[in-house]
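Please go over the structures that come below.
Both complexes shown next keep chain A, but they swap its partner, so chain B is in the first and chain C is in the second.
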Partner chain A sequence: MTTLDNVVSLDRRARRAEPADPILSVNGLRIIAADGRELVRDMHFNLPRGGTLGIVGESGSGKSLTCRAILDVLPPGLSVASGSIRYRDVDLSRLDATSWRALRGVELSAVFQDPGSYLNPSIPVGRQLAEAIRANLKMQRKAARDRALDLLGRVGFADATAVYHQYPYELSGGMAQRVLIALAICAGPSLLIADEATTALDVTVQAEILALIDTLRREEGLTLILVSHDLAVVSQVCDHVIVMRSGEIVEAGSTREILHHPKSAYTRSLIDDHAVHPIAVNRPQSADAPQRVPILSVRGLHAGYGIRTVVQDIDLQVAPGEILGLIGETGSGKTTLLRTVLGLIPAATGAIELDGQRIDGLTGKPLRDLRRSGALQYVFQDPLRSLDPDLTIGASIAEGLYLREGRLGVSAIDASVTAALRAVGLEPELSTRLPRLLSGGQRQRAVIARALALEPKVLLLDEPVSALDAVNRLHVLKLLRRLADERGIAQIFISHDLGSVAGIADRVAVLYRGQVVETGPAGALLANPSHPYTRKLLDSAPRLAVAAPATRSLFTVY
Partner chain B sequence: MIRNLLRYPSARAAIVILAVVAMLAAFGPSLAPHDPLAQDSSALLQGPSAAYWLGTDALGRDVFSRLLAGSTVSVLASLLSVSIGMLLGVVPGLLSVFLGKRFEWVSLRLIDALMMLPFLVFAIAMTAMLGNGLTQAMFAVGILITPAFFRVSRAAALSVANAEYIEAARLMGASTASTIRHHVVSKVLPAVAVSAASMTGACLSIVASLTFLGIGVVPPDPTWGGLLATDLSALYDRPFGPIAPALLIVATVWALNALADAMRDAGTQEQRA
Partner chain C sequence: MTPALQQGAQVVQLRHARAAARFVRSTLSIAVPVFLVATLITFLLGVVSGLDPAAGIAGDAASPEIIARIRADLGLDQPIALQYLQWMGQLLRGDLGTSWFNGISASELIAQRLPISLSIAGMALLMGLVFGTGLGLVAGVRSGTRIDRAITLFAAIVSSLPPFVVAFGLILVFSLWLGWLPSSGYVPFSEDPAGWLAAIGIPAVALSVDVVADLARQLRTGLVSALSENYVTGAVVRGLSRRRILFVHVLRNAAGPALTVVALRVPMLIGGAVVTEAIFNMPGMGKLAADSALRGDVPVVQGTLVVSIVLILACNLCVNVLLGVLQPAARRRS
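Our next item is the complex of A and B:
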């Protein structure tokens, strides 16, 4: 109890007067797995009160594990082997469960990537918030409710009372993340850890959430650790940055220093990856491009769910070897449009033609024959969810081949699987692995390989790179471009990430509230947008920028 | 799964007990020291002795031999019920998710109706209609446990029905049967295995109850429940008599339930890993 008393009895005002004390200091932190593998090595930093620290690195770099170690919520099997984590003058590694309960969520608080999974689906969000307040601050029901409403207002809900009574499923990703932020700050914490808190959101929402975190940080005097795979996200809010790779610190320093004078090649590559890559824009446009016959064309399409029309009056064409980028924020109808083309949602009116044949309205055997032909392939947003967890990668890729030509024979199918894996730059040996044993980048390639094995004419890609870190994203984008150029595969590429689209698309269509508001060659359209919505999308994309002058020189990495 | 299972002490104990019971069921009649039907009029209602390990019943038959011989019938009868219940439950349970609204509605109502029927009364009615035999009785029990398998497999299938890999299979032109075979069965199997284990335990006690009541078995044939009944009627002469058959029934049912629990726990652990 002595440690607990120490924590609770700290006089905050007295502390504020002497900011020289680091609020959090991590020293020689080493995290190992059950089999002895070293996952984080010699992680160290001192974070002063009110400081903002960004930790950047690709998936598996150990950035999230560091945060989890600070909160003592490492995944089962992982443990801190050595090193110390001190919060104020408390050694966190010595705390017992009772003291942790008084600390975690009260003094140290966190927001994670997938807000939906942290909310109870059967209780209105306001009540969950009020319960947390009551539990942490020992408040009366009525007072907790008032504070919950106040907090919902603070995190940007205009009508807090309405949100209070809503269930999690009624909230969008961005709204759910706001609720989570309200939960995280409800007890007035000193330290907030935001672990990939904006990764799953689209650009406009991401910008809003980052601004919210920054505002709250200033108002509440929070110390902030922002973890992201995206250097741009971190650079907007944080004074200091630590770049991590395979469990180690690659580089650390003030944001300005890191951005303008990166010392390591890896940091430079992160910065370079972020610049928009005009691969396509500089390509010589072939003279016959406009005359090429489209392989897939959509004319006057209206579609939706039941009586609700989601997309209206869509006209799109894509020719062999051409990549059409389809951009728009969540809810703009991008996915609905693709699902209609695939025949998963019936088209209300309009025509969809593949290779000159009408494919809308097909049912039964003609639809199954079309699907088995493999001419039209869909790549899902989340490769892990679109691969059967019990089937090896090879079996997943072979499934379509068996369905199309079951009598082909095992050796011929094996050969096709191997060829498809090679085509996406994966070792054929991976075919015996289960999806969860692959990295995110490998999985995304495997899903593309599954589509390629059927030699498609058109590839529909739903946010194929949004879950990947910068390095893998670039590799996959290059792969897609090559497939278009070398195999003449037409592609429709959905993304909310303008950088990705500008990188590989020949043409871009901007979707807003179910309608195409602007379409044209990628370079021209993104350089010179005419529709206000396109301009807004371009403005909210995260850019590398030094947020504020780095005044807090107390931050040290040694 | 197996390795995870062996981490639970209760699962290890359960597997040992079930192995012994399986041995009894397979070789029990041939292991018996005496003919289970042979009567020895010089030794009626005796206590345990070197010749008769568990003593003799009112007709001078060796109780130990009857217990061993009864294992086969008791175990096979409950396995029969479980197989019938599994067959009639799992297949419609999976199809109710994938075959469309009409099949779903009809099958759900049928299962609701089945769930209303009381076990023992229905089994007794079946034997009254089809003749007094254990097969008939266990067939009835099999039908009555169908809802358990139906609901378990339906719930497991529902949880994956909207998975993206199922949609991906459909987009490659997979038929419903092929989708179920490749993607659904493996997800449903663990849950079905758990309920099969606990249902076997339940059926074993139902067999014991039925045979205790004298339903399903024609008198001279020994069963665990039947032995319990004869022992109870001779309680004054052999007060310890019911202990051995009761212990055997309780131990087997406990083992099956413990195994089912451990399987479920191991399964959830695996999902988290």
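Our next item is the complex of A and C:
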């Protein structure tokens, strides 16, 4: 308590004048679960004032838990078993609730993934901002309101007054993250932790948010910890990087060192992930292949919700064995297009043909027959939510088979389930498990196996790899490519990750404000885009920063 | 601020005002049909009861002509649809008809007895809100601890006891053994506030236990789930105090289902008044309805039903408005 009071009462400028001591030092940090499992082991680093540290790793690597331990907001059941976290000369593990409150917001601050969920859904965002300002800076209502409006302007809202009165559900992901950033810096903290702050945002928005964080960092003299599963995101902003895996540091050093001379194979795989897409090699380019008859074709399609038209004048074809990549930002109509093809949204005008048969406008029994046939299958982004939590994986896969051909008998269905699981690279033993007992990658394979069991002609994939880490993403992409090549399953593949699309798609269609603005062979289109929007999308994609900022000797990982 | 920016803020406020108007419209679009259907059923109950006051009024020796004249005076010879329209017209003017039994206006009879029922139901609701919220808050915030388990157990036990059993138990303890409170009778608030409180104490407690138990359990569930939301972590990281997070942020979002439960309980409070008034021998509206039904006094029974319908609808409207104020997101869905 007394130590903290001293820290807080110190003049900030005086503290900044002596950059030698680390602002944050983490030592031998060990985080365990209630059942004793070790989730983070021997995490350690010293972060100098004004430094920028990136922590990179796949989901479950312990990077976010480290951040939450620093902020003392670990999920229930998890605790710091040993190690120390020091902020300036305060041992954070010894703080009482009052001291923590004085520290959070004013000294330490954070922004997170899924920003909308970090705002109270029932209160306009401006009032939440003013509340945080009043709580931390002891300001009067009017002054707090003015400061809130000013901050909203600083994080990039042209119309701060309008945003002030809006509820979180009225904001897009990027807008919500801007509000969260305003909240984080409202009391002038020294250390900002950005935990996957740009994940799941559109590439263009992601680039803007990263630029905003970097600008504010310079202007405010913030010390920054940027956590991401994406090495490219981190490399653009940070001068130092820690690579984590399974709760441990794999490698640490200056960004330049890590990028140019990675010591571990794991780091190299993260870098390779961005450089080339190995699966793109060794397959016939459909541009060279003879023109095939499309299995699915969409002509002059208009569709939307009620009177609102979301997609307009869409013309698309997919041939057997072909993967069509569909790219575009959130709200461009990608998902609406897929849902219309699937018959979940009625087409206003236009035609959708599957194997020469019109499937738009089907209702009643013909629609049910089409669905039971399994010719058209859909894979969603979040595998956990697309599997019945109370059905075993095997039962989920068998359900469609049973509905289509119950007369097959139990043993035949079992055989099909096993075959489907094998085809996606899962052990047949997993069929008796419940979805929540599987890892994210296994779950998404199980969903694909469920679709596969019905021997679909067309697979519609809506962000199927977005929730997966780099390693699993690569495996699932390879699997999808193989299904196209070996089984001739046509696929429409939506992703906001241009790398994934470039990796597996034969052709690419770019959707912008509900219209296809450009379409062509994947390689040619991505290498040489003709539409300005496509160019903007490509430019916004995070790249490894080749010329990393100069290293600072003060940063130490030992 | 430039005019363009002011316009932007106005657009947002206009959108919210429209959402609020939509919310009011949708709430009314439910309340009005419910009122019409419920009153129609009330009217038809009188018709299908087959009761006819004419013979009773005319006496044993009356000729068929006299009975027919009385029927005509009462409007009972009109087609049913016309009778309904007349009845509804009177009802909307606040005229609930006249007792067939003693010729006193039903409104007057009900007005005499309504304060008693409202005292009991209102006090039961108030106690339910206070103790239910208190217990729910403690259990939700201290979830998983011994005190949480004790409250959950208490709620499970009392909600399995019918109000009349609780009432007899309370009479046994507080009236017969301890002699603190009267076991029957009613004293108007205007005559003796302390006596009023003593008189309605036991019936109100007996009626409120279900509300306490339901509210506590629902609020606890809501709090536990709201406390695990990301926005709570966000508020912690922003440096807000625990108390502020609980009362400003969490409670607001957790209160919805609990309030809905309270709204569902209001009809049962009014219904429960019939039983409790009988037990405690109080001349309330419940007792009036029961006595009138036994006497075949159709206008009075209909009057008590209509008053109950209006009370219940009014409570539901209040809860809906409160929900809309607490959680604007609910407006968006409606």
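The definition used in the following text is that the second predicted complex is superposed on the first by the 537 of 558 C-alpha atoms of A that agree within 3 Å, B and C clash if a C-alpha of one lies under 4 Å from a C-alpha of the other, contacts with A are read in each partner's own complex, and residues count from 1 in each chain.
Going forward, a residue touches a chain if its C-beta (ideal position, glycine included) is under 8 Å from a C-beta of that chain, and two chains touch if they have at least 3 such contacts.
No experiment lies behind these values; they were computed from the predicted model shown.
Novice: Put chain B and chain C onto chain A via the superposition and say whether they clash or fit.
Specialist: clash
Novice: Which holds for A:Tyr305: it touches chain B only (first), chain C only (second), both, or neither?
Specialist: neither
Novice: Let me test your reading of the model: by the given contact rule, A:Ala102 touches which partner, first (chain B), second (chain C), both or neither?
Specialist: A:Ala102: touches chain C, not chain B.
Novice: Once the structures are superposed on A, label A:Ser122 by its partner contacts, choosing first (chain B), second (chain C), both or neither.
Specialist: second
Novice: Determine, for the superposed model, which of the two partners chain B and chain C contacts more residues of chain A.
Specialist: C
Novice: Could you tell me if A:Tyr164 is touching chain B, chain C, both of them or neither one (first, second, both, neither)?
Specialist: Touch partner of A:Tyr164: chain C, not chain B.
Novice: With the two structures fitted on A, what stretch of chain B runs into chain C, 57-65, 93-101 or 201-209?
Specialist: The superposed arrangement places chain B into chain C at 201-209.
Novice: For chain A, give the residues common to its interface with chain B and its interface with chain C.
Specialist: Shared contact residues on chain A (touching chain B in one complex, chain C in the other): 76.
Novice: Where on chain B is chain A touching in the complex?
Specialist: So the residues of chain B touching chain A come out as 163-165, 167-175, 178, 182-183, 186-187, 272-273.
Novice: With touch defined as at the start, can you tell me which chain A residues reach chain B in the complex?
Specialist: 76, 342, 344, 368-372, 374, 377-378, 380, 382, 385-388, 390-391, 396, 399-400, 403-404, 450, 454
Novice: Mind listing the chain C positions that touch chain A in their complex?
Specialist: By the definition above, chain C touches chain A via 1, 4-6, 8-9, 11-13, 16, 228-231, 233-242, 244, 248-249, 252-253, 326-329, 332.
Novice: Could you list, by residue number, the parts of chain A that touch chain C in their complex?
Specialist: Residues 71, 73, 76, 97, 101-106, 108-110, 112, 114, 117-123, 131-132, 135-136, 158-167, 169-170, 180, 183-184, 186-187 of chain A touch chain C in their complex.
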